[in-house]
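There are two complexes below, and they share subunit A, which is joined by subunit B in the first and by subunit C in the second.
This part shows the complex of A and B:
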């Protein structure tokens, strides 16, 4: 084609004009912008929902601290759990409670009733079938029914024990906890007009000594503890408030304490008695109660030299600590197992003795039990020790029907594999659970329970709070799948069974009656308002009696031996969930890469121990107790006493979802329960282990 | 490393008291839930997980029993003199809004990751994969923050949506949106911390707590000598903690304010 010069110039001019016009117009930029957005707007990328935001209050049932939450709802559906600064046990929110709305949608949730077939596999069944089957099994078992519950703060204890009572059984158990030890120690020390538990008035204290008790991460009402800690530290930059942590591991509490006093594992009692001895002999402290003279005689054996030998605490450090306690105007001692269980009665009694000597702000917190026929209070249930009775029966569950209510003993009890074997071999076992956990996997029938913010439930005075507390966890969302409130199912079965007068139709009725008995306004409670009542000072407590300390406290204390082997020091992280919940998907990122690497969890050793064993950071090792062996990697952490082996609880699940399953080792498998001298309670806070290269 | 510095009438900032932090991680959970970060199954692998806020464990380096431990939460430092925005070829990250928050616009991001290389705080994360919520868990995605696809960088925004909501509330109330009261706008991590370790507010407003905290003699900023002018301050009475905030020579004294 022949293009003339004039035509070429005209075309070039036109092109330039068009280009300029396009560049100056908003069109290409708008299209480019749309294109950029479109490239990120794939159908599989979730879009943001729209709707109305509302807020309401509740109390977390899944977090052991019972912390308050402010729930953000979108179109009436829970979206976020936020901190509730108005709540008596709130003032922030725990990692576990913050992950609650997400956890309600966990892949590990049981959505339908499940029945184990002859081939060992589960199949979904209808509720009608499940209820008919359970009804038949209950009739068949008669009074030979056992129940283990994982809920110690709610009225479920009363409902379950009343249900068993109607069947003719008293085999009601709770999963072991620090609360159990504290409660039994309290009952062994004093009698009060009503059922009660010890309360700890942290608010008024000016010096806190935590022995073992991980005050700011897992002990008692730890979110409230942290709020109080923050307030005391914030009030004055040069605050005179003192906080000392004594324990085998420089844990979360030790990280912010004024000082950390390293201690051999399971030596809490010895340290407390060493301090008590100094308070009596050097500071002339005493307790006006029967049995104190014998206590004082026994204390004289716990000299600073003995404490150095057994607890690894130097006499100078012990004397300085005793002086701090003696000079504080309102000192408070919190003594317990560093992992909230398995310490037995002795540490709680030793702590109580120290507090009595110091006239510490300890209170009596009255407890209320729902008025149901044959219902047991939680203090009464604490006297039943599941592990002790299991051991007595030759590690066999012989009841014709075993009922697990929100409990996961196959994972979360010491000697987990032995417990799991006992469950697997039990005649017939039923799990009422929101999650397909290790215990549910072993059961014959699994009933999907509503969970968290799907379920109406109550929380009464969790262990550690200083006053009477009563709050409701409120149903804010329809239960997932075909889940139902497990207690309503049982109450319905009670009617079918014709279990007599007194059992209500719905759990809500139980709570309403309880609230009325406590003179509380149900409507206000139902709106999420929580309640606190003034406490009873220890001065008002009648019947203080230390005569049983000889056998209950000094018996086990004298049995403590010098450390000559590697000892397990279990570590707790609230974010890793509970035995029942597993690791919440939204909490998993908190786990550091020197705590979990792929499928390997770590054991923490100090440099001295590692050198002694010929190990270095990252070494693959086999950790073995007399019970079991697990594999792990070595983490060098200088905040742990020589000879102690730090291991996190919460790993090593074999069930639940991909966020929990197959991650690291279950430390419970290593632990060996043994009977505590005096109380007969099972203890598992001093597991000797060996470590070899794997 | 530092680029130009911009000044604002309002400068949102954070003061984190390391001596109060127990490393519980509740702030990280709240951050993840608030900002629609999908959970990953291998989250302890920090090359895979996205952490707008990450809590580091610090050690004084001494052997038992002289050992001390501390925890340091690290959000985006919202630098006054921002190394990241200056290298972004597509203006996907910038600092031009009153308040001094470094923005991140995912739909503009081309995934070149220059900003990640430039950030001295490792506060930026790249989406190597599309976000996946377990079945049903996508129901808890909030309306506030867009879900990011693979191929883009993301980071802490000081919960910018909360800033917008606070401004909206102020407008409705007829108040000055640039004179918010202390506590009217706080981040999710600040709200969550039960220890009160995180304080948030306007660093230039005397009525805000952070104004005073950031001027404490115990306050320090991370890698301060790079000149990035972070809007995140840390507090610690422990000198060894303050020393870890920057690269000091062995015998070089730790600077003390005031």
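This part shows the complex of A and C:
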């Protein structure tokens, strides 16, 4: 086409005019902006639902502290767990309880029953198939059935043990805990009331000595403990309330205590006995109970010099502490393992002895067991030690059928690899679990259990509380996928098996009967109200008897040897979850860079220990015990006693989801359980390790 | 000389030949950009019910329906149950009211109201932080006597309208043409000394969670 010069210029002018006009109009700018917004609204991009917030109360079943929560719901769906200041065990919220609503949607949840095929891989099956299979396996096993549960505070203990009783088995176990040690120590000390546990009246105490017990992070009802601590501190800036922490690590409790007394790992008993000796010899304290004379004789060996040698506490510090205890009007001693397990009976007995000498505000908290035929109380189940029986059987699970209820022993027991091997080789094993954890991965049949705010469950007087407590964890949303309440499944199987005598159809019936037996109003209870009931002061506790202390307490205490090697000091942080939950994704942002960097977790050493080993911050090291070795990086931390190796529990999962799997090392693999002299309980609080550059 | 004259006439001619098309193009583009483009971009979508504010504002306060809840969240548009507290049966002879009662009150369902000021999920706006009480506490807008005085600084007043405000939906974004954009928030947030009072935080996380 022949375009004349003049026409070309006219077209150029028109184009320039159009361009200028477009630029001066909103068209390009608005279009660009809207296109950007358009990309945010594609149909597959999720959006927040709108609606009205409602709130309801519950008790967290997954947090070991049993803390109260106020749940925010949007259109009836639980979105957030908040603190509940009206709850007897509330007043704040733990990291784990706060993560509960989100954790219900964890990618690690089991959504359908799963069966391991001949090729070793899992395949989804229907509930009908799963129940028929389990029924056949139970019939085949007869009375040779073992059950390990991870729920020690609920009525599940009664249901599971009653179920086993009907089958003819008494092999009911709970995952080991500090509560087990405290309960057994209590039962070894007093006989009335028969079914009770020690309670700790922190509210009325004016001086608290925590030996090992990480009072404000992991020991007992730690959210309640924090509330009481805060109230005592806030009441008066010059409050006379005193708090001393003694332990190998300057942990969360030590950080806010009036003073921290560095202690060798596993030396809690020695320190407590050293203090008891001073109270008896210098302050004339005694206990009006049979066996006390022998106790006093044995105590005389625990001189300040011996305490210095075994526990690393200087005589002057010991004497000052004894004086503080003796001069306080209501002193209270909390003695236990720093990581809430594996300490054995001795630390709990030693703590109890100190409290008896001090006339401390400890109480007897009566326990109630659901009235089911053959049901065991949790105190009775505590007498069964899973690790001890496993060791006796040559680290083999020989029962024809092993049932794991909300327990993850393949990860969370000492010598985890040995335990995992035993589970893998067990004849037939079934996991009732909300999560595809390490134990579930080894089982033949996995039944998806409802979790947290999806299921009705109860919490009775968690370890550490001062009074009788009973509360419900309430179902606020439908179970995820095809999950069901595991205990309802078992009760249904009980009917199929013809075990029906005395066994109810639904777990809810068990709880209703229990509430009625405790004279509690079910309707109020179901609305989230929790109850505290009277308890017994120490003066009302009868049947005190210290005659067994000779063998149970002083036997193991005399066996403590001076520290001459690196010793593992396991640490607990609630945000890192439990063996069952893994690390909640919600908590990842509060995992610090010196706790986990990439895939590496850390071991904490003080500068002196690191220099001695030729290590610096960030050094890659191999930490080895006689059992196993793990790899980690070095963190220099001056809040740890020389010769102690701090290591967080909660890392090193090999199952669960991407937020937990492959993150750091599992400290349980390093630990070696050994039998405690006297009680025969397995202990694993003094693991010797070596550290070399990796 | 003749050559120079011819050259000058040529340049002048070229300019005159370009100017008129330029002006025509400019006007055309401005008309398209400012008038036609919005007509194409937005479509008018009817509300589910032809709601009139004016009869309500004669007998009620705005806050009777649009209020802050105890937890600080804003109630927004009343629910059917709240409307039914007055409109369980017809209050007048309006056809729209009759339809509303029949379909939503009797049918026990929420009307799918189109919200002019709907914000995307990534913008977190708290009415509580922008309430009259907050403003009065800080000393600004002390002359405002009631909450509505403050509301209309962002939301055009509809109290006196006897027909629904046309809802113009952006065909690309799905939002209404009344949805506040970030620059409007920035009038205060980018000016921390707004009225020498607010010290409004302009950090990203203030609004984007």
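The definition used in the following text is that the second predicted complex is superposed on the first by the 645 of 694 C-alpha atoms of A that agree within 3 Å, B and C clash if a C-alpha of one lies under 4 Å from a C-alpha of the other, contacts with A are read in each partner's own complex, and residues count from 1 in each chain.
By definition in this document, contacts are C-beta pairs under 8 Å (C-beta built on N, C-alpha and C of every residue); 3 or more make two chains touch, one makes a residue touch a chain.
A quick note: this is a predicted structure, and the numbers were derived from the prediction, not measured.
**Student:** Is it subunit B or subunit C that touches the larger share of residues in subunit A?
**Tutor:** Of subunit B and subunit C, more residues of subunit A lie in contact with B.
**Student:** Which partner does A:229 contact after superposing on A: first (subunit B), second (subunit C), both, neither?
**Tutor:** first
**Student:** Is A:94 touching the first partner subunit B, the second partner subunit C, both, or neither of them?
**Tutor:** first
**Student:** Looking at the overlay, what does A:48 touch: subunit B (first), subunit C (second), both, or neither?
**Tutor:** Touch status of A:48: both partners.
**Student:** Pick one for A:126: touches subunit B only (first), subunit C only (second), both, or neither.
**Tutor:** After superposing on A, A:126 lies clear of both subunit B and subunit C.
**Student:** Does subunit B (first) or subunit C (second) touch A:574, or do both, or does neither?
**Tutor:** first
**Student:** According to the stated criteria, A:40 is in contact with first (subunit B), second (subunit C), both, or neither; which is it?
**Tutor:** It touches subunit B and subunit C both.
**Student:** Scan A:597 for contacts with subunit B and subunit C and give back first, second, both or neither.
**Tutor:** first
**Student:** Mind working out whether A:692 is in touch with subunit B, subunit C, both or neither, as first, second, both or neither?
**Tutor:** It touches nothing on subunit B or subunit C.
**Student:** What residues on subunit A does subunit C touch that subunit B touches too?
**Tutor:** On subunit A, the overlap between the subunit B and subunit C contacts is residues 33, 37, 40, 47-48, 50, 53.
**Student:** For a test of understanding, state which residues of subunit A touch subunit B in their complex under the given definition.
**Tutor:** Subunit A residues touching subunit B: 33, 36-37, 40, 42, 44-51, 53, 67, 74, 77-80, 82-83, 91-95, 98-99, 101-102, 105-107, 216-217, 223, 226-227, 229-231, 233-234, 250, 252-256, 260, 262, 480, 573-575, 584-593, 595-598, 606-608, 638-642, 657-659.
**Student:** Going by the contact rule at the top, pick out the subunit B residues touching subunit A in the complex.
**Tutor:** Those in contact with subunit A are residues 19-26, 28-30, 32-34, 36, 39-46, 49, 51, 55, 57, 59, 62-65, 67-71, 106-108, 130-131, 133-149, 151-152, 191-197.
**Student:** Quick one: in the complex, what on subunit A touches subunit C?
**Tutor:** By the definition above, subunit A touches subunit C via 6, 9-22, 24-27, 30-31, 33-35, 37-38, 40-41, 47-48, 50, 52-53.
**Student:** Taking the complex as given, what residues does subunit C use to touch subunit A?
**Tutor:** 13-14, 17-30, 32-34, 37-38, 41, 69, 71, 73, 75-76, 79, 120-122, 170, 172-175, 181
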